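By letter and in written order, the chains are A, B, C, D, E and F; residue numbering begins at 1 in each of them.
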Amino acid sequence: MKRLVPLIILLITIFGLAYYITPKLPQQTELRPLGEFYLKNSYFGDYSAKSPEVVTSILWDYRGLDTLFETSVFFIAIIGSLTLFRLNKKQEEEAKQKAEEFRIGLTLIIKSVTRVIVVMILAVSASIALHGHLTPGGGFQGGSALAVAPLLIIAAYSKYALEEHGLDKTRALIFRSIGLLGIALVALVPLLSGGFLMQNQPIFPAKLGGQLVSGSLIYYNFFEFLAVGAGFTAVFLLLAIPEKVFKKFLRREANE
Amino acid sequence: MSEILFYLGAVMITIGGICDLFGALGLLKFPNFYIRLHAATVGTIGGAVVPLFGVGFLALGADFLPHKYAIAGASFVTGIIVLLAAPAGSHALAYAAHKTKIVKWEPKCDHLEVEE
Amino acid sequence: MNLENSFFLLMKFVIPVYLLAFIIYAIRAFKGPTIVDIILAVDCMSFDIAAFMAILAIYFKSAFLISGAITLALWAYLLDIYIAKHLVGKEVGV
Amino acid sequence: MNVIGLTPIIPIVFAFALPLFSILIKGNRKIIQFYALIGTGLTLISSYKLFQLGYSSNVPLVYTFGKWIAPIGIVYEVDKLNALIALLTAGLMFLIAIYSYRYLEHDEGLEWYYTLYLGLEAGLLGVLLTGDAFNLFVMIEVTSIAAYALVMFYRDRGDSVFSGLKYALIGATGTTMYFLALGMFYGTFGTVNFADLSAKVHGLSFPVSGMPAGNIVITSGIALALATWAFLIKAAIVPNHFWLPEAHPAAPSPISAILSGLVVNVGVYALIRFLYTVYGGSLAPELAHVVSLLSVIAIALGAVSALFSALMMNVQKDVKRLIAYSTIMHMGYLFMAVGLGTELGLQAALFHLVNHSIAKALLFLAAGIFIHAIGSRNIEDLSGVGRRMPIATFSLAIATLSLVGIPPLNVFFSKLLLFNAFIDKNLILAWILVISSVIALIAYMRLFYVIWFGKPKEDIKTKEPLSMSLTCLLLALTCLAIGLMAPTIVDNFIAPAAAQTLDYNSYINAVLNLLSKLLH
Amino acid sequence: MNEVITFIWTVIILSLIATVIISLYGIARRPNLTKKLIALTIFTDTANLLVVLLGYRLIYPVAPPVLPSFSKEALQTFVKTAVDPLPQAFVITAVVIGMAVNVLIAFAIIQIYRLYGTVDARKLGEKQSTLLKEGGI
Amino acid sequence: MIEIHLLMLLITVIIGLIFSYLAIIEKDSLKAIGFSAVHAIAYAIAFYILMAPDIVLAYVAVAVGIYSALLIFVVSKTERYEVV
C-alpha cells in the first residue's frame, strides 16, 4: 500500500485545486460555429458530403488530406518496421520452415472457439467498414477489427497455420499496396473531370442503385479497410518469427 | 407482445446486474485464482451475456427507441461473441496458470497433474 | 405508467450496479497478486463494460453507440489468448 | 493550379507503389534506383513550377482540397517563403537520390530505403505548403516517422537503432505536445487554419468560424509555449538537443545530409509561421507581451545552443558527430534571427536557412564519400584520405569554408546579414555569432588538416565513385555561385519572400477572397 | 447546481492533466524501455481524451454526431443536441498516428534487445558512451 | 441529468489516473500491460460517454488490443522484469 501514498496526495491536490479554479470557468454548452456548420451541412445543406455520419464525412471529405496522410504515416511505420526486420529471399523461406520448438498451439477448446469467432469477425468487420458512411465506423475501425482474425490465428494456432493457407507477409504487403493505391486513385480521379484533389460531390454519385453510398466515402472506406487489415497482419506476422531464427540470421550476417 | 418482450428484457437486465455485482464480489473475496474463476463465470455469463440478450429483447419490445432493430441485432451478436469468448478466455488463462504453476495453492488432488 | 418511464426507473437502479461492479473488478485488478488474476479481472471488466455499453446505448436512445461493445469483446478475448500463449511458451508466434 | 496540390502527392503515391513494384521486378536495384529518380525528379519539376507560380504572383496562392475552402477544409497556401524552401527541398532530395545509389551498394533493402525516402520527401513538402495547423501536425508526423525509420536503417548496428529509438521517443512526445496546443487553439479560436487564426488574433472578422471564446491571452500563451517546445525539439535547440548528435551521425550519410539540411528546418519554418503569420504585426498589448516573451526565450535558447555546440564541436572524434553539433549551432543562429521579429532578421534567417541547407548537405555528402571508402567515422582513421580523392576534398573544403563564413562563399553573406540584424537588437548577440564561428573554425580546420595533411595509416587504393563526387561538385559550385551572386539573390528572392511573410494581411485576404467567391 | 457541474468538470480536466504529468515522468525517468513505451501510449491517449473533452457539451440530452434520420425536423433537434464533430475527427487521426509511432518504437526495442541483450536505458547509455570513447563506431 | 454523465466520466477518469500511475511504477512489465489495459478500458468508456462512437471503435482496437498484443510480443522477446 506504500505505492498509494503519492496517488492520494495527488488526488487531494486535484480536488483542492478544482475548488479554487471552479468559479473562474465558464460552462461549455454551445457548439463552436465550425462544428455547427459541419453538423448542418453534412447531409442536407449546400456544402454537403451526402453522408449522415459527420465524423466520417469530415475525415474523408472535408478534411480528407489529413486522413490520406494519416494513412501514409501508418504505411511508413509498417515499412519502417519491415526495414528494421528486413530479410532477404533466402531468409524469408527459411523463416517459413517450422522451428524446432514448434508446438501445435493452444488447446482444442480455444482452437474451435477461435475458428467460430474468426468467421464472425469477417462479417462484423465488413459491416463496420462498409457502413462507415451511415453508422459509426469506417475504414480504420473495420480494418482493425478484421485484423483480429489473423491475430487470433497466430496465437491460437501458430503463424505457420496462416502461412500454409497462403497468407504470408508478401501477400499481406501486396494487399496493402492495392488498398493504398486504390485510395490514391480515388483521390486523383476528380482531377480528370476538372475538379480538385479529393473532391467528393458532385463528381462521385451519391446513390448507387437506390442505396446511399455518399460518393467517394464508400470507396475510401473499402480500400482503407483492406489496407489496414493487411498492414496489421504484416506487422504481426513479422513479430511472430521466433527469436532463435532471427538471432541465427543476425549471427550469420555478422560472420560474413 | 411487445410489452412481454420489454418486461422480459428488463428482468434479464436486472438479473444481469445482480449477477455482475455478485461476480465482482466473488472475484474480490475468493482466496485464489482457480476459485475466482467460478466468480468470473458468473460475472461474464450472468453479468454480460444475459443483459446483452436482455437489451436485445428490450429493444425489440420498446416502441420509444429509434433504430430498434439495429440495437437488437448488434446486442445479440455481441451476446453470442461473449458467450463464446468468455469461457474460452477463462479456460486459456486457467490452462496457462496450471501449466506454468504461477498460482500458489494446495489442492487435495489435481486430476490434470495425474493425466500428464 | 408507460414503458419509457418504467425503463428509466430501471436504469436508475441498473447503472450504479454496473459501475460498482466495474470498480470492484478494478480493485481486483489492482490487488493482483499474479498476472493471471489481473488479466482475468480485465477480462471480466471488459465484458461487463460491453454489456454496460449496450445498456447505455438504450439509455441515451442512440443506436449508433452500440457498436463499441462488439469490438471490446473481441479484443478482450484476444488479450486473454495472447497472455495465455505467452505464459505457456515464451514465444507467442509459434 | 493543380500543381500546388500535387506536389506532395506525387512522392507519396510513388512511395505507395514501390513495395508492390519491387515485388514485381524481383528487387532489381537498377530499376528501383531509376524509379526513385523518376519520383524525385517529377517532384522537382513540380516544385519548380510551384516556385515560378509563387514568385510570379504578388499575393499568396491558395489551393483548395476537395473544393472546401478554409476553415471548412484544408487549403495549401503558397507564398514566396514556402515556394523557395520547397524548391530547395525538392532539389536537394533529387541530388541526394543520385548520391544514395553508390553509397548503399553494400546494403540490402534498397526498396525499403527509397519508400521511406519518398515518404520523407512528401512529408517535408507537405509541411512547407500547408496552410492548416492540424495538417501541419500530420505532415510533421509523416516527416518524423520516416526520419526515425531511416535513422535505424543500419539495423545491425546497435548505436543507430538506439539513437533512432531515442529520437522517436522524444519526437513523439514533442508532437503530442503540439497536438495539445492545437486542441487549445481550436478550443479558443474555433479554427485551426493559419489565415483564420491570424484573423482572429488580429481582431478581424472571418466568416463561418465565428468569434473567439474565452481568454485569448492565457490560451495563446500556453498553446504557443507547448507548440514552441515541440518545434524546439524538432530543431534541436539546447535543452532538447540531445537526440541530434546521436541520431544524425547514426544514419547513412545521405540521410544525415537530409536530416541536418532539411528536416531540422521544419521546426524553424513552423515557428516562422506561428510567430510571423499568426502572431505577427501589431497585436493587442497583452498578446504582444506574450509573443515578445516567447521571442526572448527563442533568442536566449538559440544563443546558448550556438555557444554550447561550438565548444562541443572541438572535442569530437567522430566526423559526423562534429558536423551534427555544427547543425545545432546553426539552428541556434536561426532561432536567434527568427526571435528578433524584424524584417532584416527574417531576411537573414531565410537566407541563412537556404545556405545552411546546401552547405550542410554538401558537408555530410563529402564526408560520406570518405566514410564510404574507409568504413569508419573516426577522424584519425580518415587521415590522409583527402589526397586520393581530389573532388571530394575540394567539396569538403568548400563546405567547411562556407560554413565558417569565408568570403566569397554563400554562408558569409548570410552571416553578414545575421550580424547586421543582431547588431540592431543587441551587441552581445553579434559577438556570440562571431565567437561561435571562430570556435567552429578551429574544429573544422582540425578536421580538414587531418584529412588533407595527415599520414595515411595504410595505402588506400579506392577511387572516387563518380556519381557521388559529381553530386558533391555540383553542390559545391552552387555554394560558390550563391556566394558570388549573393546581392542579386537577396534582392530578387529573399527580400520579397521576407516582405510577403511579414504581410499577414495579404495571407488572410488570399483565403478570404476565395471564401467570399465560393460561399456566395 | 451549475457549480457542481463545473466542479466535476474541473476535477476531470485536472486529473487528466495529472495523468499527463505522471506519464511524462514515466517517459523521462523510467529506465526500462518497455515502460517508456507504455508511458508514451498513456501520454498520447490522455492528450486525445483532453482534446475530445473540448467538443463535449454540458447539456441534456446530448447525442453523438451522427444524423439519426433523414428528415429536416430531425436535423433541428440534432443540431441542438449533438456534440462537436471536429475534435473527434482530429482525435481519430491522432490515435492512428500515435499507434503507428508506437509500432515502430516497439520494433526498435526488440531489435535493441537482440543487439545489446538489455532494455535498460542506463546500461544502454553506458555501452553507447564506451563506444564513443573508443571513437570508432 | 447531466450530472450522471459527469459522475460516470469522473469515475472512469480517476480509474484511468490510478491505473496509469500503477502501470508506470510497476516493476513487472507483464503486470504493467494489464494495468495499461485497464486504463485503456476506462478511457474507452470515457470516450463513449463523451458521445464519440467512432473514437471508441478505433481506440478500443488500438489501445486494448493492438498495444497489448504488441507489448506482449515485446516482453516475450525481451525481459519481463525491470531491474532496479
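The definition used in the following text is that a contact is a pair of C-beta atoms (placed from the backbone, for glycine too) under 8 Å apart; a residue touches a chain by one contact, two chains touch by 3 or more.
The model shown is predicted, which means the values in this text are computed figures rather than measured ones.
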- Give the fewest steps needed to get from chain D to chain E, where each step moves from one chain to a chain it touches. 1
- Task: Pick out whichever of the two, E-F or A-C, is joined by more C-beta pairs in contact.
- Result: E-F
- Would you kindly say which chain has the C-alpha centre located farthest from the C-alpha centre of chain E? B
- Query: When you take the mean of every protein CA atom shown, which chain's own CA mean is nearest to it?
  - Reply: E
- Could you find the chain whose CA centre sits the greatest distance from that of chain D? B
- Query: Cα centroid separation between chain B and chain D, in whole Å?
  - Reply: 56
- Approximately how many whole Å separate the CA-defined centres of chain B and chain E? 31
- Would you kindly tell me how far, in whole Å, the mean C-alpha position of chain F lies from that of chain B? 21
- Task: Would you give the residues of chain C that are in contact with at least 2 other chains, written as numbers and ranges?
- Result: 22, 35, 39, 41, 60-65, 67, 70-71, 74-78, 81-85, 88, 91-92
- Could you check chain F for residues that touch two or more other chains and list them? 14, 17-18, 21-22, 51-54, 56-58, 61-62, 65-66, 69-70, 73, 75, 77
- Task: Provide the list of chain A residues touching at least two other chains, using ranges where the numbers run on.
- Result: 10-11, 32, 34, 38, 53, 55, 63, 66, 70, 73, 76-77, 80-81, 84-85, 106, 110, 114, 117, 124, 128, 135-137, 140-141, 145, 148, 151, 239-240, 243, 250
- Listing of all chain pairs that touch each other, if any do: A-B, A-C, A-D, A-E, A-F, B-C, B-E, C-E, C-F, D-E, E-F
- Query: Hey, which residues of chain C end up touching chain A in the complex?
  - Reply: 63-65, 67, 70-71, 74-75, 77-78, 81-82, 84-85, 88-89, 91-94
- Note on the structure: Counting only contacts in the complex, chain C reaches chain E at residues 60-65
- Note on the structure: Given the complex, residues on chain A that touch chain E span 10-11, 14-15, 17-19, 21-23, 25, 27-32, 34-36, 38-40, 42-44, 52-55, 58-59, 63, 66-67, 70-71, 73-74, 76-78, 80-81, 84-85, 135-136, 140, 235, 239, 243, 246-247, 250
- Task: State the interface residues of chain C toward chain F in the complex, per the touch definition above.
- Result: 15, 19, 22-23, 26, 29-30, 32, 35, 38-39, 41-42, 45-46, 49, 52-53, 56, 60, 64-65, 67-68, 71-72, 74-76, 78-79, 82-83, 86, 90-92
- Message: Which residues of chain A touch chain F once you look at their complex with the stated criterion?
- Response: 3, 6-7, 10-11, 53, 55-56, 128, 136-138, 140-141, 144-145, 147-148, 151, 232, 236, 239-240, 243
